[in-house]
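Pasting a structure here, questions to come.
Read from first to last, the chains carry the letters A, B, C, D, E, F, G and H; within each, the first residue is number 1.
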């Protein structure tokens, strides 16, 4: 499976935790250490085992468009047209 | 066929002639002699041959509810209930 | 009844209910919404009519319908919603069906904001909508007055078969104060003889505002003007404070008038001979009392939460005898007592100078 | 251009078109309908935008949209329809998009009738809808003025980014007179830099009337008040007749002012020193000129086709210096010259008595 | 000079048009002129009237309580307006539809059998033009030529074929009163 | 006598409720009192504040520019309102969330670790009552008994089970400043 | 109050007479205008159901603006388009009354579409008589939302251009979509047979209301000879040949509860 | 204007990034409110179709009142319910622009139903994004025309009583009846799969407009955790379990011309 990663704009995050429950790999957690300027504990990627697939589900459900998603570049398969 | 007759309230009539064209017996005409207070020549029954059946079609189409319709009383058939 | 701590909006709603409100039609809008919400519960509990209309346009026309049936009926809204009701109000005035409307005014123009304002003064006192009439307009400055004026609104509406508007700024709607509610009145059983109820055993009644012929329409208008003259004679109400031994008078209504009260107290402490006139009816405006006072004083300061609307009525009442100053805040800003005090001082000092010079 | 025999409504429509009207949105209502009908033909012929809206509420909001795009846009209606536009007008004023509205006033309140009236004076001069602003209001008294003021309306609307209302009574809309139309102007190609057109190659534009914070809303209101002061200084317009060597002044606008002209002529023939001031802008009201004249005369008579609305502006302008009389007809009744003459005589005689006594 | 005329009749009798025609003619002759209509509640039927004021100075009021001239095309109009005509003025009426001698003796009463004359021309709708011809002969507010020119200039193009008939009607109206005046 | 208090904090910190509680108590003690709220644009989050004015005479303005007492539950409120307190007045603040010594020396600064104390009681939401207890001990606008009665009389029925905890919170707040005052 | 003008001739019985609920007043409608026909039907229905003393008529702004004068029942005049709102106010405080709005297509489909849709949504127990004549009659013949494609009116002088103004609205179909609508049908007034059907629909609509079953509307295709520029007969022909194809007659919604009225023998 | 906050990690490509048409401003929406999701979808669609410089957003009165701040496009704020009228004015004089209204259920279905119905009837070339959250969010949780039967709100404290207030309005079904409507679909924002479908619908709606095919509307079932008194997750569950059964997702109208967009390969 392709490796992926995400970036969460913690200042924008409102801590709604929707990404958390949507992530199929369960690699997002609430960052209880950080309190952003809005007063929320933001979400953070916690992916020690590199399980994130870059599926972007988290980004798709995030109401505050906080999440950018990246994935390992794969050589494109040659397709006969 | 049952005999009928009608009464036209000529003061109320606006001379639209809709009863005239609706009457299946063609027994209504415009009364060009009379000019009512509204300035219209009203409709009038012209039924020398007693053709009016009392079908009430004229009354049903009259927009000004000028027409009353009457029909000969027939003995009611005895219906076994 | 004992005093309770009541929010203005809730107090108005409960007072209306206790005054025998039989039907309410309204549409949510801040800062009026608690009024509608309170009635959504209480009216249903009491098996009376509550309906959230699809819009203020619909609400005012539902009110028009229920009022035509001769029941105690009311709507409530805030400035943009009241703008949408103008046509309906004009029809109601033209049909002479008793109607009560509560306007909890907010900052404008346009969508503006939800803060307290007095920017609807013209919209409610100069005739709502087209044509020649003026609604009776009651302007409470406390939760207790909000209660009392609401009850009075129904009585006046029925007495004159006219529109009565309770016009309070958002602050009156939102604040809590101890106040006493009136006892619960039952819904009236009988309907007035002009009411639409189905013409059982009587000639049909008709409620309409059309008079196709100019002469008839004019005759009807003269009848309204007659009624308005009677109201102008009988119904002006105001509150005054420190109006003996006066150099200068402050005039303000609702929240502005209430805050001016504090400023006048402060001014008296500082030795200025200042008093307060707080109109409780915006229409009929207490012009007679004001013009009496104007004979005795050197100057008037008008305080409003708008760009100067009641100002015109004050100027009309004092008729150019004495200078009329103005201090206003707009767009939802509520003036503080110290600002008004400063305005009083400024005005008072100029006044003294002027008086001395003469 | 040569003079043509033109009906007021048609003249206004054609004048607007020639002033470069790019879009019209309106709803039929008597006695304004020929205006809409004329544009339904001409705008389509010229490939401009004509749309019959589903209601006056929709019409004013369509106008709001097109005005936000910076084009010359207009609507027209009559009293009940103008009541329905109050909210939209307040939004337009709060967004500062140039807009022209024609109000061909009819008898009220309510459905009233379709006869000429001036009962919308308050509704158009005191701010349309909620909040603190005043539309510029132009009041033609002839078909030629209707044409000229319509053209001017667009220029003023754009100059001040404000609402301009052409307020004419039904008689101006319905009568025919010889008048000259302006030359045809092309529709302007460029749009103002604040206009909504799609943010191609520039930062996005925003048109809104919300200011959530009181301070911001107040700042915006102060900006509007600033603009209004400028208009008050620069734009008052009026017509005067026989205003030299005066004892008494008649003040009237639109049709009432025009008929008063005849009455003043008759009064002069009878040796009374009477003149006429006919405000052409109802707001800004020509208060300065009136107060100048007030210094020279003994009395003022106001003539209106309503219960006395402009009367307040006259009283404010003369400030209690001299007595202000009123002669009004309501509900679609147009006063005849002889009635006004009689009112002048009554007033003039009392005046003489009074003057002698003093 | 100021002339004030009131035209009144049933809707459909061409009352508005004949007033406008006079107004056009007046404008073309360089006068100030106003025309103003008034309708009843009915869409069809009912009565209608209009005022025309012609002057060599700016016109104040386009409506007048006591017009110098009234033209009545039907009975209700005659009854309503005879009393309003200014002293010394005149009322012209369609004698085909109105049987009267008139009450007032302080104004001129001109009876014109306009509908019958129009009928002779084969078109009842021309009664209004017949009346105008008669009126202007008795009271030359404008010349008949001015009306002829105005007809030529302002008749709607789809009715242009009726122009000769209109001119005939005008003459016919003029002739009938000329005869009578001669009497 | 006239007391003016400003309560400010995040929505959800019970700012409005504690102000109302004080107002109820004042009413029950026979005072004149006003309570007035002010909200930000957000539905959740954002800040909110309310004014309470207590007096033995009719109250004019329910809002005051320079309240004698301010109670700040969060940092932004402290920063916004410290400067507004009237000379000689006091500001009480939730020291659990606000680290400050205060700028102004002409007013009393009362630091109350309200959230921590509430935490000790097992319910963070009680920080507001803790604050009130502390405040009234330092500045006896009303007696604590008055508050106790008001709590008893006005607590919503579905929260009645929390009454003992609320009373404890009040005492806890009172105790912490009493200790300090004693120092 | 009796409308008998004439004692029945000897040996004859009355087949048809002016209904009692119709006032004696002459109407201001143009000759041949079918507004008069629908008035008569409504009055007949009031008579037959014994509702004269329970009826409250809400007249609307349009040619029928004076309809409050033409019925011998309690009545009022709503603001343009707002009859269903006014009727709602009346009905809620007079639950036993028969509240009927009488509205034109400009009134109901244009300016008043919000109020009628919400009345239907709420299942408001009122009856709407909807006169669709594809034009604004009273203001002198402007385009209505129901004007036909290509129809020339005084505000669509080149014919209704569907590119610019869209296709005509089929109101009854639209309202039949709403859960609160119990009865929604379209009828036509162009001949005696259809008028009789329309009458039955009015009866059913009123019965629906009196049984508390919800919102009822009877749309009637109607003529406007004056603004269509036709004789009364031509106008009826136009209804039949031009309007009916665009506005098919029929029952668009008959709730089961309505179908079961009179034990299933719905008229 | 670029929304890249972060250079892609080495060897990685961007799969998802904040769209350019979304302004940098933080929104005032409550945590977990799906207004934010629909905003993002619309911004993505503007980006993908290259419409950022052609778009004019008409914000409406409701919680989305400030949406004009949240998009990097020309925008304005309509009066409550009147966005389709304002959009009509804008579109008629800017025929090449992409004019989009963004409206809540109170705004569109209650006070604004007339304006949206007439815009659809006219086939007005505008796109409506309709956020159905079964409540009035901004004013603090009153009943909307779309509130579910029995739903407790601050103005239906005993639960929506369908006897008194009728059944919820299904707006998309209603609008799909009108000839001028080219595209009318309902989607939901309760999970990623449905959000992706909603996105495609927004793209199709905008393409419909740009191709001049008529009126387009995308209804999105949306959550209001605050006024429903739920956590953001509970709220999404409620959308799925309570709202969808009442408001079935699907395509209610796809005109042939729309189906043939992109040579039939409609997204």
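The definition used in the following text is that a contact is a pair of C-beta atoms (placed from the backbone, for glycine too) under 8 Å apart; a residue touches a chain by one contact, two chains touch by 3 or more.
Given the structure is predicted, the values throughout are model-derived calculations rather than measurements.
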item: Contact distance in steps, from chain C to chain E; value: 2
item: Path length in the contact graph (chain D to chain H, fewest steps); value: 1
item: For chain B paired with chain C, centre-to-centre distance based on mean C-alpha positions, whole Å; value: 61
item: Centroid spacing, where centroids are CA-atom means, of chain C and chain G in whole angstrom; value: 41
item: Whole-Å gap separating chain A and chain E, where each centre is the average of the chain's CA atoms; value: 88
item: Chain F, residues touching no fewer than two other chains; value: 41, 45
item: Where chain D touches two or more other chains at once, by residue number; value: 51, 54-55, 57, 80, 87, 91, 95, 110-111, 208-210, 212, 334
item: Residue list for chain A, restricted to those that touch at least two other chains; value: 14, 38, 40
item: Sites on chain G touched by chain B in the complex; value: 4-6, 8-9, 11-19, 22, 26-27, 29-37, 39-40, 43, 191-192, 195-196, 232-233, 236
item: Residue numbers on chain G that touch chain H, as the complex places them; value: 110-114, 117-118, 121-124, 145, 162-167, 169-170, 173-174, 177-180
item: Of all residues in chain D, those that touch chain C in their complex; value: 57, 79-80, 82-84, 86-87, 90-95, 105, 107-113, 115, 119-120, 122-123, 126-127, 129-133, 208-222, 224-225, 306-307, 309, 312, 315-316, 318-321, 329-334
item: Contacting residues of chain G [partner chain C, same complex]; value: 52-56, 58-59, 65-66, 68-69, 71-79, 82, 85-94, 96-98, 114-115, 118
item: Of chain B, residues touching chain G in the complex; value: 4-5, 7, 9, 11-12, 14-18, 21-22, 38, 40, 54, 56-57, 59-65, 67-73
